[in-house]
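Below are two complexes that have chain A in common, paired first with chain B and then with chain C.
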Partner chain A sequence: MTAPTLGAATAAVPPRRRSTSWTAARRVVLRKPGRVIGLGILVFFALMAILGPYLYPGQLAVDPESIYAPPSGAHWLGTDFAGSDVLQEIVVGARYVLLTASLSALFTAVVGTGVGLVAGYHRGLADSVLMRATDFILTIPAFPLLIVLSTVWSFANPLEMSLVLGLTGWGGVARAVRSQTLSLRERGFLEAARGLGLPTRHIIVKELLPNIAPYVAMQLLLSVIGFIGAEVGLFFLGVVPFSSSNWGVMLNQAVFAGGAMNSPEALGYLLAPLVCILLLTLGVVLFLDAVDELFNPRLRERS
Partner chain B sequence: MKRLTQLSAPVAALALLGALSACSSGSRTASGGGVYTTIDAKNPITAGAPMNPFNASGTAFIGYNTMQLGFDKKNALDPNDFFPGLAKSWTSTPTALTVELQPDAKWSDGSPVTADDIKTSMAVALTQGKAASGTALLTQGLDVAAVKSTGPHTVEIDQVAGAHNIGFTRLVLTQFIVPTKVYGSLLPADIWDTIAASQSQDPADADAAKAAVDKLNAAGQKISAFAPKSDVSAGPFVLTRVNPGSAVLDKNKYFYGAAKIAPKQVVVRHYTGNEQIWGYMTNGELDSAPYTSIPSNVLTQIQRAGYQRVDTVSYVDAAIAFNESVAPYDNRAVRQALAHVIDRQTVTKVGEPVGGTASPATTGLIQSAAKQLLTPEQLAALDPYTHDLAKATSLLEGAGFRKSGGKWMLPDGKPWTITLQTVNGFSDWIAASTVIANELSSFGIPTKPAVTADFATYQKEMADGKYPVGWWLTALGPDPSAAYQRLYGTSDGYTAVGAKVSHASGKDSGNWVNTPTSYTVDGTALDPGALTAKLSTMAPADQKPIVQQLARATNQELPMIQIWDYTNVQFTSPKHFTNFPRQGQDALLVNPPGVWMMQGYVQAK
Partner chain C sequence: MKGLTRRLLVRLGTGLVMVWVVATFTFFLVHALPGNPGDAQYEQYLTQGMAPETARAKVAVIYGFTSHEPLLQQYTSYMWQLLQGNLGVSISYTGEPVVQVIRAALPWTLFPVLTGLVVSFLVGVTAGVVAAVRRSSRWGGLLSLSGSLVAGVPSFVLALLLAFLFHTLWQILPFGDTSDVTLEPGFNGPYIASVISHAVLPVATYALLSYGGWLLAMKSSVVSVLGDDFILASELRGITPLTRMRYIARNAILPLFTVLALSLGFMFGGSVLIEDIFDYPGLGNLLLKSIGARDYPLMGGAFLLITVAIVLANILAELLYSVIDPRVRR
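So, the complex of A and B:
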C-alpha cells in the first residue's frame, strides 16, 4: 500500500527536484571562486584524458637533434631526452593516470561503502566476518605489494592497475562507514523504518546510504589524489613495464636518465608532470569544499 | 646506465672482463697523501656483504684490496701484455706458466705471499665456474692442472695435458689471489684430485667427471657465501670499515710497492644509479670516476665542475639479444626484420650520446676490432641492416606474418607483442629502450620496455631464460675469443675443457641464447660454438680465418643485434691529486685507479 503511494509521489516530483538540485549545485559551486577554479581544473584534466589520445594519434615522434629543446611554438613545453614533445606526452599520458585513479577510487568507494554498511547494519556474524576481512586488507602493505605484483603483472591496462590499487585500498573506507552506520542505526528514523517492516535493502540503500554519502563522496575524491600518487610512484620507481607517455615514467626518465637534478636542461621535463599532479590535487581540494556543502544541508543553511 | 642503479652497463661489462675502469677521486686531504674518493664500477656498496671477491655483491675492490698476479693492458696485438701485480715477472711455455712473485709481497697481517697462496687461489678459481654470477667468462678455459713451487718466490702453473689455450697466461694472471690462511680451509682436502677428475677427457670417466664438477660447484657456492672476519689484503689498501654509504680502505703498510702509493685512504662511495654518480661529480666529490653513462646535458655540468674527460677504447658493445627457444625469435627472418626496424643511429644519439657510436654492422666484434680482423672486402660484404621498414615488412611477410589493424600478427594469427627487458639504473639502456619501443610500436609491433631490479638479478634471470628479448653486452675483447664466447660460449650452452667442446640446452644448462649448433654460411655448415672454442687455442695471428667465418655467420644469423660500441669515457679531478693517466695511456686507463697508483700515478698535490 505504501510503496505505490511513495512511487506516485516520487514520480511527480522528479523534474522539480532535478532542477532544484542542479540549481543548488550551481549556486554552491559559484558561491566561491576557488570552487569554480577547482571544478575547472577537474573538467580540464577530464577532457584531456578523454580527448588526449585523439588529439595526438600514433606514436611519439623522436628527434635526436632537439633533445631537451626549450619551450617553443612547436613544442609548448619543450622536448624530452629523445626530442619528443613533452606536451604530447602529458596529454596522452593523462588518460592512463586519471582512468586508473578514478577506477581505483570508485572501486574503493563501492566496496568499502558496501562492506561498511552491511557490517554496521547487520552486526553479529556478518560484522565479525566482514571486519576481519577488512582488518586483513588493512594489514596488507599496499605499495610493497604493488612492487611485488609488478614482477608478474605488466599493468598494461589501467583496469589491472586500478583493480590492485582498489583491492588494497577499501579497508579504511569500510571501517569508517561501519562506524557511521553503527551510529545511524540507533537513530529514530531507522528504528521507524525497521518498525514499518521495510526491507533491509531499502533501509541500507534509501535510508543509510544518503546519510553517509557526503563522507563517501569526499573520500572518493581524496582517494583519487592518493591513487595518482601511488601509480605515479610505481612508475617513477621504474618497477613496471612502461611507455614514455606516462607521468610517472616521465618523472623517472627526467631524474634517472635526464639528470634533472644535476642539469637545468631537463628541468622542464621534470616539472611538467609534477605541475599536472599538483594542479590535479589543487583541483580536487578546491572542489571538495563544494562537495562538502552540497551534501551537508546545515552548511548550505549557514551560508 | 643505472639500475642498478645502479651500475652502468659498460661498467658491468668491464667488471665482467676483470678490466674495470674504476675510478677514484680525491677529497679532503689528510696528513700525508689524503683521502681518495671514488666509486667502484663493479658494484655499489652492499652493507653486510662479505669481504670476499668471489661473492657477487662482495666488498672487494680490484687494484685496491683485491690483487691479481697481473693486470691486463688490453693490448689487441699481444693478449698476454700485463702490468705486474703480485707477479714480478713470468714466462710462458705452450704447457705452463712460471711466475716469479714480488719478493716483498706480503699480506696486510705482515705474513708473506707464498706459492701455497697461489695454489689455493687457483683451486678456488676453479670452483667458481657456476658458483657466482658473472664469473663463467673468467674461468672459461682456465685449464689449470697443477701448481708447484719451484723456488723461494717462483711458482709453476701447469695447463691440462693436451690443452693449448692461448688465453691461459691471461686467465691465470687475472685470477684473484687470496690467502690460504683464510680460504684454504674451505676447500675439500682432495681438491686437486677432484679438479683432475673434472678435467678428464676420457669418455669412460664421464660420470666421474660430472660428479667432480658437481663437487667443485658445491665448494664454489660455499666459498662465494663465505664471510671473512676481517680483510687480509696483499694490495695497496686494506678494507677497514663498511658503511651503508661507503667503504673505507686504509693504506696497507705491508704492500710491496707502498712507497708509490700516495693516498692514505680510499673511500669508495655507494651509488644507487647513474644519476647519483652524476650528482657526486657535479658536486666535485669524486677524484676520479669510471665509465658511467651520461647524457650530454649532464656532461656539460660535470666539466663545469672541473673534471677532465679521458677517453679510451672500450671493447664492449650494447646489443639486443634474443632467446631463440622462444618463438618467433627462433626465426632468422624475424631477427633480421627487427634489425631493419631499429634505427641504431637514432637510438644511440638518445641512449648513449656521450660514450657510444652506432654499430655499423653486427659481427660480434666492436667496429675497430672488425676493421683489424676482417678484410675491406669482407667488411663491405656484411649486411648493415639499415633502417628500412619496407625490407622489414618483406621479411616478415615472407615468414608468414600478416598485418591486421596496423598491428603485426604472428603466423598463427595471434597478436605479437614484445617486452624489451632492461636493467634498473642503466639509464642508457632505458632511454634507448624507450626509443626502440617507440620504433617497433610505430611499425606495428606493440613493444614495452621492462626493467629488472639490478644487474645481478638480470644476469641470473637471463641465464634462466626468462627474457625472450633483452639487452646484453657483447664484443668483449680485445681477444676475439672472449668476444665470441659472449655469443657462442656458456650462455649458448657451450663449454670447453681442453680440446673437448660440449653443448647443452634446457633447464639449468645456462643456455639462454639457444642458437642452432650449426649455421650454413655461403653454403658451408659450421658450428659456432666449436669454432669459438677453437679460437681460444690459437695465436692471434692464426685467428683471422675463424674470426672471419664467425663474423660472417653472426652477421647473417643475428643471434643479437649490436646497437652501439661504447667509448670508455672516464673523468679525473685535479682538485686534490695530480699525475693522473692521460688520454692515450689506454693500458693504464682500462685498469682501476689502484693499478694507476701501483705504477706511480696519482700523487697528492
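So, the complex of A and C:
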C-alpha cells in the first residue's frame, strides 16, 4: 500500500524542476527574435527529415516533357535534368543528410568527451598521450583523408558515413572538454568529492560530466554544420557511390551533368540545396546564441 | 630562447611523425586495395608480351616497390625512395615523375591560398575590432553574426554561390583554369591580367572561408583587452582615441596566431573542393583527378604534400608567435 504513494511522491518532484528549467529556456529563446527564427529553422528541417519520406512515398517521378522547368505552380522549385520535382528531391534527401550529420555529431561527442575527461582529470602520462592523439586528429587534413579513404571503402550508408566523419572530427570537442575539466578539477566541490574518498568513476560521471555537458552540447550543434558540409561535399565530388538521392548528389548532377555553371536554367536545381545548407547554418548560429546564454548565467544577468 | 628551440623541436618531431604516419598509411592503402594496382600493372605488362623481369622493374619504378618481395622489404624500399624525394612515377601523366607533376601544381594552390589569407586577415581583423568596439550596437551585432555565419558555411557552398552569381548570372568574372587558354603564358600584360581575373573567384572564396575565424577571434581578444587597466589608464591620461586603438590592436592581435595555423589547415583541406569547382589546376584538384584516374602514386604524393604543407604552416605559426610575443620566449 505504501509503495504507490512513495512512487507518486518521487514522481511529483522532477516534473516541477523540469518545468522551471523549461520556462527559463523559453524566456531566453523568446528574448530575441533571431533566436526564435533560429529555433524555427532547426525544427523545420528536423520535421522535414522525419516526415519527408512519408510526404512523398515511392520513387521520384521522371517527366521527360518538362526538363529544367522554371518554378511554377506544379513544381515550386522547378525540375531537374530528368524532369523530377526539385522540392520533392530536397525533402526526401533531407533525411540522409541530417541523420548522418546527427549520428556523426553524437559519435564525436561520445569520443571527444571521453578523451577530454580522462586527459583533463588524470593529467600526467594519460593526458600527454591523449593530447598527442588529439593534436594529430586536429592537424591531419580531414577532407583529403576522407577522399583518399573513399578509394578503398565506399562508406555511403548512413552508419558507416557517420563513423568515418566522427573519427576524423572529435579533436575539437576533446580539447574543449579537457580545458574545462582542468579548470573544474580545482574547484571546491570537486576537492570535497575527492576528500570524501568518492571513487574516480563517480567523480567523473556524476560531478564533472553534468558541468561539462553544456559545452559539449554547443560543440555538438556547431559540428553538425561541419559534418553536413563534409558529407554533402563528398557526394558533390562524386567520390562516394550514390546510394540514394540527397543534397550532395543533387549538387553533383546540377554542376557536372546539368552544366548549371553555364546555363541559368538550372537555377532552382542548383540553388535549392545550397540555400538549404545556408539556412541550416543560419539556424544553428542564431540558436547557439540562446544556448550560450542559457548555460552561461553571467551573460544572462548582464543583458 | 632555450624554451623556444625546445618547443620548435617538439613541433618538428611531431610533424615528422605525422608525415611518416601518412606515408605509411598511403603505402598500406595501396596494398589493401582489392586487386592491388601494382599486381594489375604487372599482369598488364605480361599480357603485352614483356619479359617478367622487365615488367617487374617497370612496376618498381612506378610504385617504388613490387609485390613480389616480402611486405617489410617493399615497405623499406618505398620509404627509402621517399627519403630521397622520389614519389614514384605518375600513371595518368604517362611516365612523368610524381614530384614533377606536383611541382607544377603547387604554385597554383599556394598563390590563391596565401593571397586569400592576407586579404581575409586584413578584412577580418579590422571587422573584428569594429565588432568589439561597437558590440552593443545593431551594426556590431550584425557584423559578429556575419562572422559566425561565414565561418560555419561549407567551402563549396561559398564557392558555388560566388561562381554562380559572378559568372553565370552577372557575367563579370571568368571561371575555370588559371588564364585564357588562347593567350601566350609569359610576362606580358594580357596574360597577367587574365591570370588575375581568373584568380579573383578562388581567392575570394579562400578569403571568405577564413574571414569568420579572424573576425571572431579578434573580437573576443579585443573585448578582453578593453577591460585591461592600461586602457583605462591611457583613457584617463587623455591619450587620443587613435593612439589608444593602436595600443589595443597591438595587444589584441597576439592570440590570433593560433588562428593562422587553423585557417591555413582549413584552406589547404578545402582546396580539394574549391579547386574542383573553379577547375583550378592546384594540389587539391590533382588529388581528386588522381583518384578518378586510379593513379595511386600521384594520389599518395598529393596527399602527402598537403599534409606537409599543413605541418609546415603549424611550425611557421609557432615561430611567428614567439617572435612577436616576447613573453612566450621565456
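Heads up, the rule we're going with is that the second predicted complex is superposed on the first by the 285 of 303 C-alpha atoms of A that agree within 3 Å, B and C clash if a C-alpha of one lies under 4 Å from a C-alpha of the other, contacts with A are read in each partner's own complex, and residues count from 1 in each chain.
FYI, a contact is a pair of C-beta atoms (placed from the backbone, for glycine too) under 8 Å apart; a residue touches a chain by one contact, two chains touch by 3 or more.
These numbers come from a predicted model, not from an experiment.
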Of chain B and chain C, the chain that contacts the larger number of chain A residues: C
First, second, both or neither for A:Pro33, with chain B first and chain C second: neither
Which superposed partner A:Ala156 touches (first chain B, second chain C, both, neither): first
First, second, both or neither for A:Gln59, with chain B first and chain C second: first
First, second, both or neither for A:Val255, with chain B first and chain C second: both
Partner chain(s) touched by A:Val239 [first = chain B, second = chain C, both, neither]: both
First (chain B), second (chain C), both or neither touched by A:Gly195: neither
Contact residues of chain A, present in both the chain B and the chain C interface: 239, 255, 261-263
Interface residues, chain A side, partner chain C - complex: 34, 132, 135-136, 139-145, 147-148, 150-152, 222, 225-226, 228-230, 232-233, 236-237, 239, 251, 255, 260-264, 270-271, 274, 277-278, 281-282, 284-286, 288
Footprint of chain B on chain A - complex, ascending: 58-60, 62, 64, 67-68, 81-83, 154, 156, 238-244, 253, 255-259, 261-263, 265-266
Contact footprint of chain A on chain C as seen in their complex: 14, 18, 21-22, 26, 29, 32-34, 145, 148-149, 152-157, 160-161, 163-164, 167-169, 175, 265, 268-270, 272-273, 276-277, 284, 287-288, 291, 294, 296, 299, 302-303, 306-307, 310-311, 314
Interface residues, chain B side, partner chain A - complex: 2-3, 5, 273-275, 278-279, 282, 294-298, 300-301, 345-346, 349-350, 353, 419, 424-425, 427-428, 430-431, 434-435, 437-439, 441-442, 448-451, 453
